[in-house]
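Note that chain A is present in both complexes that follow, paired respectively with chain B and with chain C.
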Partner chain A sequence: MRRLLLSIRDGRGFDIGLVSVPLAFLFAMAGLPLIYNIVMSFQEVDMFSLGTFARPFVGFRNYATLFSLPETWPILGNTAIFVVASIAGQFTIGFALALFFWTGFPGSSWLRGLFLVSWVMPGLVVGAIWNWILSGDFGVLNYILRESGLVSGNIFWRSDPDFSLWAVVIANIWLGISFNMILLSVGLSAIPQDLYEAAELDGANVMQRFYTITLPMMRSTIGAIIALGLIFTLQQFDLFAAITAGGPNNSSNVAQYWAWDMSFRQYDFAQGATISVIMIVFVMIASVVYVRSTRHEVRG
Partner chain B sequence: MTMHQIELSGVNKYYGAYHALRDIDLKIRKGSFVALVGPSGCGKSTLLRSLAGLESISAGDLVIAGARMNGVPPRKRDLAMVFQSYALYPHMTVEENLTYSLRMRGVGKAEARRKAQEVAATTGLSNLLGRYPRELSGGQRQRVAMSRAIIRNPKAFLFDEPLSNLDAALRVHMRKEIRALHDRLGATSVYVTHDQIEAMTMADHVVVMRQGVIEQQGAPLELYDRPANQFVAGFIGSPAMNFVPAQVGADGRSVVLDLGTPHIVALTKSVEARRTLIVGIRPEHLQLASEMDTALRLPVGNVESTGAATYVTTATQPELIIVLNNRVSIRRGETLPLHLDPTHLHLFDKETQIRLV
Partner chain C sequence: MGIRKLAVIGALALASVSALYTSARAEDVKITVWSLDRDIQPAPNLIKDFNNLKTGITVEYRQIQFDDVVSEAMRAYSTGQAPDIIAVDNPEHALFSSRGAFLDLTDMIAQSSVVKPANYYPGPLKSVMWKDRYFGVPKATNTIALYYNKDMFKAKGLDPAKPPQTWAELVDTARKLTDPAKNVYGITFSAKANEEGTFQFLPWAQMGGGGYDKINTPGAVKALQTWKMIIDEKLASRDTLTRSQWDSTGTFNSGNAAMAISGPWELDRMVKEAKFEWGVALLPLPEAGAKRSSAMGDFNWAIFANTKHPKEAFKVLEYFVSQDNRMFKDFGQLPARSDLAIPPTGQPLKDAGLKVFQEQLKYAQPRGPHPAWPKISKAIQDAIQAALTGQMSAQEALDQADKKIKAVLG
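Coming up: the complex of A and B.
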């Protein structure tokens, strides 16, 4: 103990001291709830045992029950569609915008800053606004689609089971574009200009420069942003609460909303925890991708 | 007509109101090594980048190998450039860096690989082909940058201060290597540098620039022996030429140097009498004389010896630097008898700074 104190005083243990503070904080605020959640998914939990930690251990029974439910697979499928479609939309539009602003026309940096507005808006507010846009009878989106001749009748985005999930996807893409654009812009501006000049003299045209310089130089940024996108879409909750509430008949329900519904509306905390654990596995995979891609920074 | 690989006539370049290049006329012979030299901001890099097509010229004509290239994009000019930063592609191995231009042109994999090995063998990179740029030393990166240019067999090589990131010893070595490479390939090279020694030792033709203007161009020794103006005289040569304010004597055959005290020196040609001018004297043209036959006796200020040569600074106003190519025991405060060969005097107009006769 004395030696430990001494090592802090003489400076050698100071770094350990510094690191231990955030580590302790992380463990208390993130680690413990995580472990508690995992433990709970292996226990029988009801309203009366909620206050104690010592609850009957049931092994994988919660998991077995979960996968015997008829809505489980459709909801997991919805989650996959939601995640893939959201990331694909956010990334492609975000990258296109980042490239557009990167050309540096007058006022480009100013305009790019304006795009951040979508980012500072609370999810519930965004959801409320999109409710109006998506509204079946007087919504702007329907008006545009109808007037441009793309559809003949109104689409009831929020109440038609074929469209309800896509209603949330559209709103979520809008919400995520600015984040994708800003991060990709930073990645683009980090590419040294002389590489493009060298490539130009080496005979590469615009497309060749994009595929041989821009994309490979952006690899770590792209890896990071897709991993972060996966994490952010898996925790997207506000839009579901505001736009469809998972309905109609679970047609737009996803794992994260379902977990909340199970725990806090049906008070089936064990099932809610079980769904969360399944999601943790996916988030972990995303985290590994994120850490790996940010570690592989290339610059000679 | 096609004797000139690159021809610039009346080239001007503006950045907004800033006039970066003024009426540049330059003809570069096929197979010659041309150095663009000048202080920073003189426009030498802008001129090189204009040749490459990375900058557009505002007026004038640029002709490469007989074809007008004004609006042609860089990738269609068939010029190779070695950048100051090397600009190696960090995500590619040395081999991929070398073959990049070939792949962009659709050369087959096997053919590209064979060429890369061929070039690597001549530049000493054979066992580094699998490495990434970040795993190479500064000198090796420099070689990769050179090899990347060589493999293309371009119409001309453009060098943008390629040696400025290397240490002094390596720089001297690479100087010779680049020149040897140029001779072996029979290439046409344009080399930008702020180092006049590099320009003098490497080039066949030196172009001295200042504030967007070509002050003088010609063979290195021609510039050294007959600088067109005081700027070129001071820029070329190390240590720099001494400049002394002076007045021509009443007979027009001698000049009075104003070194705090007047000193009379004979002239070889007659100049308008009583005219005020600037006399330029190269440090090596002042040599020790025997006590008898000298007109110039100057007090010694500082003495530095490098072993091979002795640098003497005189205690005059302005002070003169003298390079003596032997060891002499001189002390501060002594008076030095000096011989000045009048054929080596450079005379410049005091106002225009232009060379007289």
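Coming up: the complex of A and C.
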């Protein structure tokens, strides 16, 4: 008894007590809804049975129906393209900008701060503005492309099935650049300067220093950013709602928008939950990458 | 003695308290109303006026957002916290009435001296019905017709008194009016992949002898082919596929489109923004003499089945209906009533347009009614978009939609 008390006051029991509070919180706020969502994907749900838990179980029928739909594979394909292209664009441009500002020219930290404006703006506002930029007849982007002689006719970014997904990708890259840049800047400033000085004395040129010092030192940061990017891109909903609404003919539809459309526009909550479960699997993979890449971080 | 006196006083006090309590309850029946109307729109204002009448019924109002109407109502109903009265979009009415969530008002309407089915346009009235019973009262209504720019008609040598009457004429007129050098498209409408696309296409299908339950009739296929022709020949912007009706008509107001298909909700903005003379015409027909049709929009009032005060709730509805003659004058909305004459506003273009919309309303058809309307609508939207993007022929797309809809209809 005394040992138990002692352990609670100072020892293993205390640690467990501390850990259990956030765990309980996480379970209540994230775990339960997750389980509820998974359960729902195996049930027959309609609007009038939303308030109860006792709904008929249908096994894998929701999954079977989902994969028998003609649009399922194209939409999952779109999701993959959207995620890969967005992350590639955000990361490359973000990294380039981070390196650029890292050179520390006068005013660089101010400018870097200003970049955050795009990250602070609500997705729907960003979407509405890009909606105008990408507009087919009077859009600024088309004007620039036309005047610079790159295209001869207007590109209907939002309404042409060949371009609609890319319209959202472009907007999403713009939205994510600053976040990538800031995190990468933090990673860059954590690299000790003497490493570079030593390498420079040994005669390493800029490219060599980048590949042998910067990249290896940034490994965990890069892993974390890509994992976070994956999660943020899979969450990206506002831009789709504001720019293409998944159209035309699902050519820019992605899983996250589709899940919402199923649940709240067609009121097919079971199908919506099923799509979400499929997405959970992907986010789980991203989380594992994130946790693995950050566990070497030493704090303190 | 002392104790008896005290007991008497106590009993009296108790009696008076409970009497006060019951009388207070009898005085104040509380009715809650949910709708999406903002402060300048009908519901909150009518409720304020109603509460000022001190009829022994107090109405409480809550505004809900358009996107949340169905999900909020559903959640409230399934947890037993539904309001007494709700305003619901007409294609979603059947979803609730078919499940017994709305109160059957047929008997109350039969005895009412205010709500008379004969006073309503057939379209809106049909949307509150399920299995020949009334489950609500139309709140307001709207439909679509053809706006056209009379100045552009004159400039291209067309007679502004003779807007196109048939689909062929419409396409032909659009060809003449299209002027890429001046950034002018012949026509603008909305084929967006949401309810708006269905709202705009269904009238065409209905005029072509089709309907939501037979969407692939030859006439409906011809309708979709006509749409495709308009898009392919660049008589309308390709952004028609992703643009809402409101944004599309915006390009008409700014002089970038010579004709527009939209509803009476545009009138006020057009009076303010359009710097040219415009007119409104009935929707063109597949060929001269064909059956007219149009879309029907706007909300219905309904009473939830689990209300504790059905009689009082119906009284509130009766009050709303009795104020229908204020709908256009005060709030710019069209009452769903054919027996009410709308007084002129003093705006000649607006009054002329209004007349056309009232005529068009006679042919307005509700979407459905069917409890699974969103699924039916989605099938139609998919077909429109598949055909207009060239991924399928109009026939294939509508055949596929018909198959999907038949599966929903069972």
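Following the convention adopted for this analysis, the second predicted complex is superposed on the first by the 278 of 300 C-alpha atoms of A that agree within 3 Å, B and C clash if a C-alpha of one lies under 4 Å from a C-alpha of the other, contacts with A are read in each partner's own complex, and residues count from 1 in each chain.
The rule is short, and it goes like this: a contact is a pair of C-beta atoms (placed from the backbone, for glycine too) under 8 Å apart; a residue touches a chain by one contact, two chains touch by 3 or more.
Remember, predicted model here, so these are calculated numbers, not experimental data.
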Partners on chain A (chain B, chain C) - clash or fit: fit
Partner chain(s) touched by A:G246 [first = chain B, second = chain C, both, neither]: second
Of chain B and chain C, the chain that contacts the larger number of chain A residues: C
Partner chain in contact with A:Y267 - chain B first, chain C second, else both or neither: second
Contacts of A:S118 with chain B and chain C, given as first, second, both or neither: neither
Contacts of A:P161 with chain B and chain C, given as first, second, both or neither: second
Touched partner set for A:F48, first chain B, second chain C, both or neither: second
Partner chain(s) touched by A:T212 [first = chain B, second = chain C, both, neither]: first
After the two structures are overlaid on chain A, angle v-u-w for chain B, chain A, chain C in degrees (C-alpha centres, nearest 10): 150
Partner chain in contact with A:S287 - chain B first, chain C second, else both or neither: neither
Partner chain in contact with A:E197 - chain B first, chain C second, else both or neither: first
Minimal inter-chain CA distance - chain C and chain B, angstrom: 51
Shared chain A surface residues [contacts with chain B and with chain C]: none
In the complex, chain A residues that touch chain B: 192, 194-195, 197-205, 208, 212-213, 216-217, 219, 298-300
Interface residues, chain A side, partner chain C - complex: 47-52, 135-138, 156, 158-161, 164, 244-251, 264-268
Complex contact set, residues of chain C against chain A: 67, 70-71, 74-75, 77-79, 95, 99, 101, 183, 185, 192-194, 237-242, 251, 256, 374-375, 378, 382, 385-386, 388-389, 391
Residue ranges of chain B touching chain A (in the complex, touch as defined): 52-54, 73-75, 77, 79-81, 83, 85, 87-91, 100-101, 104-105, 132-134, 136, 141, 148, 152
